[in-house]
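Chain IDs A, B, C, D and E follow the sequence of writing; residue 1 opens each chain.
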Amino acid sequence: GCSTAKTASKGNAAGKTIKIGVNMELSGAAAGYGNSQKQGIQMAVDQINKNGGINVDGKKKKVSLIIRDNKTSTSTSASVAAQLVNKDKVNAIVGPATTNAGTAQIPNITKAAVPSVSPSATDPNYTLQKSGKVQPYVFRACYQNNFQGSTAAKFAYTNLKAKRVAVLADNSSDYGTGLAKAFKKAYKGKIAASQYFQEGDKDFNAILTSFKNKKIDAIYAPGYYSEIGLIVKQARQAGINVPIIGSDGMADPKLAQIAGNENATNVYYTTPFSTRVANQNGTAKKFMKAFKEQYNEEAPTFSALAYDSVYMIKKAIENEKSADSAKIAEGLTKIKNFDGVTGKITIDSKHNANKPIVVETLSNGKVSAATEIK
Amino acid sequence: MRTILKVDSLVKKFGGLTAVSNVSLQLKEDELVALIGPNGAGKTTVFNLLTGVISQTSGTIRFREKEDLISLNNKKAYQIASLGCARTFQNIRLFKNMTVLDNVLVAMTNQYKEGFLKSIFRFPSFYRTEDEILKKARDLLAIFDLDKDMYKLASNLPYGIQRRLEIVRGLAMQPKILFLDEPAAGMNPEETADLTRLIRKIQKQFHITVLLIEHDMSLVMNLAERIYVLDQGKMLAEGTPSEIQQNKAVIKAYLGEEG
Amino acid sequence: MQIFFQQVINGLSLGSIYALLALGYTMVYGIIKLINFAHGDIYMLGAFWGYYVINVWHFNFMLALLSAMVVCGICGVIIEYLAYRPLRHSPRITALITAIGVSFFLENGMAYLFGSNARDFPQVVKQVNYDIGGVRISNIQLEILITSCVLMLILQLIIKRTKMGRAMRAVSVDNAAAELVGVDLNRTISFTFALGSSMAGAAGVMIGLYYNSIDPLMGLTPGIKAFVAAVVGGIGSVPGASLGGFLIGLLETLVQSIGLSAYKDAVVYVVLIVILLIRPMGIFGKNVKEKV
Amino acid sequence: MNTLIMVGMIDSFIENMLVTIWINIILAVGLNLIIGFAGQFSLGHAGFMAIGAYTTAIITQKTVSIGGFYVSFIVGMIIAVVAALIVGIPTLRLRGDYLAIATMGAAEIIRIIINNMKITNGPAGMFNIPQFATWPIVYVIMCITTIITVNFINSRGGRVIKSVREDEIAAEAMGINTTKWKLAAFVLGAVTAAIAGSLHASYLQTIAPNDFGIMESISILIIVVLGGVGSVTGTFLAAVVLGILDTVLQDFGTLRMVIYAAALVLLMVFKPSGLLGTWEFSIRRLFNHIKRRSV
Amino acid sequence: MEVKNLVVNYGVINAIKGVSFEINEGEIVSLIGANGAGKTTILKSISGLLKPTSGSINYLGRDIGKKKAPDIVAAGISHVPEGRHIFPGLSVKENLQMGAFLQKDRQQIKESMEEVYEHFHILKKRENQDAATLSGGEQQMLAIGRALMSKPKLLLLDEPSMGLAPIFINKIFEIVEAIKQQGTTILLIEQNAKKALSISDRGYVLAAGEVKMDGTGAKLLGDPAVQRAYLGG
C-alpha cells in the first residue's frame, strides 16, 4: 500500500515531474521487440520534453522515464512492476511487450492503482479479469488477436479467393497461436494443413516441403518478421509461390531484407500502421521521419506502437488535467479518435485499442498496395 | 566346521581372455584363507565374481544361509552384501568426503530402520535409534583405535589408516565373510606387522571367515590357515602355508627363488 | 517419392549444421569434460564477424569464412584462458556455471552493442537452385554439406594422425599422466578450443549465408541441439558427433514432414533418452570401463 | 515481519523480492539434495516445477477456495512423484552429464506437452490465477520444506545417498540398493520443485510454459553451485545474494544481464567451490562455540 | 642433480620443510620414510607436477624448479608416479607409444618397445587390451614400461614394487639395476626399504618433510635406528 500519500485518493500522485515507468523485455527471448519499443518510448518522451512537457491543468510538467528490464520473465516482470509503482512511484507504466510478462504485473499495478499501456500484448483476454470484467488498470495500444485473425481470414477468402490454406503459426507465444485460432474460426475455406514453429527456428524447409502437395491457395503465417521473413524466403526458393498472409508482426522493413526483395512478393499482412497510410497521415509521417533521423533505420511497428502508448498517456493526462495515476487510468478509458501513428485510436469498454485495419501488399520487397478492410 | 562358501567350476571370460577358468574353492566357517598368485592371475576377478560386482560366464557360487547353501548366481551386489559378504578393494574405495564415522554408519544401514516420516519429523524414537547406532559405531571404531579420528574426513587420513578404515567399514556390516584385497599394499614392514595383528584380532573377536589376497608373504604365511594359489586363471595349488612354500610349481610361478 | 528425397535433402542440410557445431562440443568435452555452454555463442560471433567483414571490408565468402574461423578460434582460446583455465582443478560443475556465465555474457554483450534485432546477412553468394528429378537443392546447401564433410574429415585426421591429436587423446583420459610423458597441457587444451571454436565460426558464417538472418541469441537453440547431437553420437567421438548431428537433422525433418511440428523438439528428446538407455555412452561413445 | 508490513516498511516490492527468494530457496534446496547430496546431476528441475504450477493453476481456477489450493498442492506433488518415477527409473542409470542431458530433455518434453495442451491454454499460459499463496504461507512452507530436507540429509537416508554419491560400487558392497536411493532423492527433490511451482503460480497469478524452460533449470542450478554444492546454508545465502543482485540490476536496463553474467563468471573463478563450499550452519556448533567462549 | 632447501606447500599444509639432497650421475639413490613423510611430494616437485614454494632443483647445471612437466621430460627425466596413472581407455600399446611422445626416431621407438616387452612379457600378451582393465600389477608394469619409452637419463620411481607378486618384485629390482647399468640415474622410493637400500648407492631417510639421515645404502642398512623404524625390526 501507499501510506505516505496525503490525499485520500488511490494511486501515485504526481510530483514535480510526471514519472513514466517502463517495464520492458530488454533481455531474454523477446529482447528484440522490447528494445524496439524502448526506442519508440524514448523518442516520444524526448519530443514531449523538448516541447516543454505535458500540460497538466495549465502547468507544463516534464516527463521522466524510469526504464527497467524484466528479462522476458514473468516473475521478474512482477518484481519490476512492484518496484516501479512502490519505489519509483511512477504515475503510469508503458509495457511490457508480451502478454505473459504483462499479466504478471497486473496484481501489483492494480494494488497500487497505476495504469499500464502495453504496446503489444495481444491476447484477447489480456485486459480482462477471470469474471470477464475489464481490468481497471490494464490497457493496450495494439489489436487483440481475434480481430486481426478474423480480418486476415476474410481477406484471404474474399479478396484473394483462397479456398484452401495452410496455417503455419509461431507456437512460442500467444501471438501466433491466438491469431491462428482466430483465423481458423473465421475462415470459410478449407484448412489444408496446420503446422507450428518455434521462435528462433531458422529452417522451415521440412514444413514447407510438406505443404507442397497439399494444393493450397495461400499460407497464413502469423508470427514475427524474423521467422516469417525466413519462411517467405524458403517458400519461394522451394517453388511455393502462393500468397503468404500474415499479421502486424511482419510489418517491418526487416522482413523484406531477410526474405530478399525478389522473394517478398505476393505477401500480405494485416496492420494498423502502414507506410502507405503514413503518407496521408501527418502524425505518422512526422514520426517516420524523426525516427529515421534519430536511429538511422526505418521505424519498426513496435516502436510506433510504443510511441503511441506514451502519447495515449499524455492525452489522458491532458484530458483529466491531472497526472495522478488513478486519474490517468480514468483518462485512458475515455480516449476517442486519438490521432496516433498507428491510426485513429479509440479505447473501447474492454480497454482495447480500436483502430482501422489495413492489409498491405508487398511486391519485390516494397509495399505496393494497402487495402482497408471494413 | 560347516562350509560357508562353495564355489564350483567358476569361469569368467572377458572377450577372448579367460581371466578365471574352472576355479573351485571352499571356505569353512571361521577360517582364514589366503588367495595368492602372480599379477593378472585373476584373484581380484574372483573377488568381483564372489561379491557380485561382475557376473560369471559359468559356474556356481553357493553361500550358507542358515541350514542351506543358497546360490548367489544372478544376485545383485547389494543383495549379496546384505546376505553377509563384506569386502575391501584393491584400490581403496572409501566414501572420501564423508567422515570416518559416517563411513561406518553407512555400512550399518541395513541393521536399523528409521522410517522416512520418523526421520524428517524427528520423532523421539528417531533420536533413540540414532543414539543406539552411534554408540555401536563408536565402540567398533574404538576397538581399532579410530575413534579419535571419528569426525575427520576419510580423504584426510594417511594411506595406512585408510586401509584400516576400509576393513572396519566392512566389519561394521556384521558380515559372515570378509574379503580383503591386498590389505597391506603400500604399507611398510612395520605397518604390515600391525595389520597382521589386527586381522588376527578381528578373526578371533568377531568369528568371521576371512579370504584375503596379498602379495606380502610375511603377512600371508603368518596368518593363513590355508592358501589357494591361482595362476593364469587356474587353480595351481592348495594347501597349508608350509606346503605351499615347498611347492615347486608355486615357487616357479609366484614366489621366486628367495620366497 | 520426390517429396521424400526433398525431405532427406532438407534433413541433411539442417543436420550438417548441427554436426559442425557438435564437433566443437565433443572435442572440448572430450578433453576437459566441460559442457562448453558458450559454444553456441561462438557460432553467433562467427556469424556477426562474417556480417561485418562482408559489409564493411567487402570480403568475399571464402575469406569471410576463413577469417571467421581464425577469429573464433582466437576467441575460444581467450575464453578458455580467462574463464576455464583458472578452474581446471575445481569441480566440473563450477566450470559449467562459468561456461553458462560466459554464454550469457556473449549473448547480452552482443545484444547491448549491436541490438537484439535480427539482421539480414549480406548475400555474397548468389543462390542457384538445381533441380534434379524434381528435387531441389541449392548451391549453398551443397556448399554447406561439402564444407561440413571436409572439415569433419580434416578434424578426424588431426585427431587420429597428428602428434597434437595424440596429445589431445592423452589429456582427455588423464592429464597428470599426459604431462608426465611430455604433453604440454595448456597448449593442447588451447589448441582444442581453437579447433572447436573455429568449427563453430565456420558454421556461423555458413548459416548466416544460408538463412540470411542473424541475431545475438541465434546460438542458443542450435547450441543445445548440437550438444544433444554430440551426446547421441557419443561424446568425445568425432564421427559420433557428425552422425548425431545428421540424425537429429533428419529426425526433426521427419517429424515436421508428418505434421507433428509442434512436438519437433519433444520427439528429439525422446529419441535422445531412448538412445541413452540403450547405449548409455552414445552411439560411438567408448564405454569407460571401471576396474574394481 | 508482519509488523514490518503494518508499519509500511515492507511494501509490495520488498515482499515480491522476498517471496521470489523464498521460492528459489525451495527449488534450490531440492535440487541441492539431488545434485549436492545424492550426486545426481539433474538439469530438469523446471519441469517438475511446471507440474506443480500448472496443477495449482488449473485446480484453483476451477475451485476458487483455499481448500482447492491445498488440494492442488497435494495433487501437484503426487503428479510430480509419478513423473519423477517415470523419468528417474530409466535415466538414473546414466552418469554425470549424460544424466543431465536426459533430465533436461525430460523437462523439455514436459514443457512442450504443456505448451500444446488445451487445458493449460497453450503458449499463452494461464493468468488470473487466484492468489492464495500470500507471503506468510510461502515463508512457512519454505521453512517446512527446508527442515524436512535437512532432517532427511541428517539421517540414515542422507548418509546413504551421500555414500552413493561418493562411490556407487562401494555403496553396493555395503548392501545398499543404489538405484532405490538415487530414485528416492530424485523424487524428493521433484516434490519440492512441484511445491515451489504451486507457490509460484499462486503468488504470481500468471504462468506460461516459457517460464519453465531450460533457462529456469539453469538459474536454479546457478543458485546451488554458487552457494556451494552440498551446503544448504550456502543455497540460502546464494538465493539471497542473487535475489538482491537481480533487483539491484533492474536499474541497469539493457546492461543488466551483461553485468550479471560478468559477476557470475568472476564469482565462480574466485570462489570455485561456491560461497560456502560444503560448510553448514549448525546451531549446535554455534552453541558449543559460545559455551567455549564463556568458559 | 642437486636439490636445495626445497619447500613445498599444499595450500596451508607445509609438506616439505626445506629438503636438500643430491644425486650423482649413474647412481641409484633411495628415499625412504614412513607414510606421509613427503617422498611422493618431492618426486612430484622434481617432475614438475607440483610447483615448489621455494628452494632450487638443479639438474645438469640448470635450475628446473620452475619448469613445466613437459620441459622436464624433454630434459630426460621420467617419472613413474604413485598410483600408476596409466592412460585408461587406450590400449597397452598406445600407452607405450604415448611414453615416447617426445621421441622422434621411429626405429628407436620400436626398439624401446621391444625392450619393454622383453622386460615384461605379460604386457606383450595384453598388447591390445584396454589398459584400464589390466590387473593391478600389470598396470604397475605398464607404468614403468611407459617411463622407459622416453629413454630417460634420470628415472624417478615411486614405489615400483607396490602390488607386485614376490617373483616380480625381484624382477623389478633386477630391471632397476639393469637400467642403471645402461647409464640411467635412478631415484627410488620404496616401502620395501631393505631391498631398496641393498641396491642403492646412497639413501636418504625422510620424516615429516625433513631429511633425518643420509649415507650409503649399506650404512643405512646397518644403522640400528633405521632398522627399527623402517626395516621391520
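Simple rule for what comes next: contacts are C-beta pairs under 8 Å (C-beta built on N, C-alpha and C of every residue); 3 or more make two chains touch, one makes a residue touch a chain.
In this text, all values refer to a predicted model and were calculated from it rather than measured experimentally.
Under the touch definition stated at the top, subunit A and subunit D share these contacting partners: C. Separation of subunit C from subunit E in touch steps, taking the shortest path, is 1. Annotation: 74 Å between the Cα-based centres of subunit A and subunit E.
Here the CA centre of subunit A is 36 Å from the CA centre of subunit C. Distance between subunit B and subunit D, defined via averaged C-alpha coordinates, is recorded as 41 Å.
Chain centres here are Cα averages; for subunit B and subunit E they lie 31 Å apart. Contacts with at least two other chains are made by residues 27, 29, 35, 171 of subunit A.
Within subunit D, residues 115-116, 169, 254, 256-257 each touch two or more of the remaining chains. Residues of subunit B in contact with at least two other chains: 44, 53, 89-90, 93. Across the whole structure, chains are in contact as follows: A-C, A-D, B-C, B-D, B-E, C-D, C-E. For subunit C in complex with subunit B, the touching residues are 292. Within the complex formed with subunit A, the subunit D residues making contact are 8, 11-13, 15-17, 20, 61, 115-116, 122-125, 127-128, 130-131, 200, 204-208, 210-211, 246-247, 249-254, 256-257. Taken together, the subunit C residues at the contact with subunit D in this complex read 29, 33, 35, 83, 86-87, 90-91, 93-98, 100-105, 107-109, 111-112, 224, 227-228, 231, 235, 262-263, 265-266, 268-270, 272-273, 276-277, 280-282, 290, 292.
Subunit A makes touch with subunit C in their complex at residues 27, 29, 31-32, 34-36, 171, 193-198, 200-203, 205-207, 209-210, 212-213, 225-226, 229-230, 233, 237-239, 254, 257-260, 300. Considering their complex, residues 51-53, 76-79, 81-82, 86-87, 89, 93-98, 102-103, 105-107, 109-110, 112, 114, 116, 119-122, 126, 130, 169, 173 of subunit B touch subunit D.
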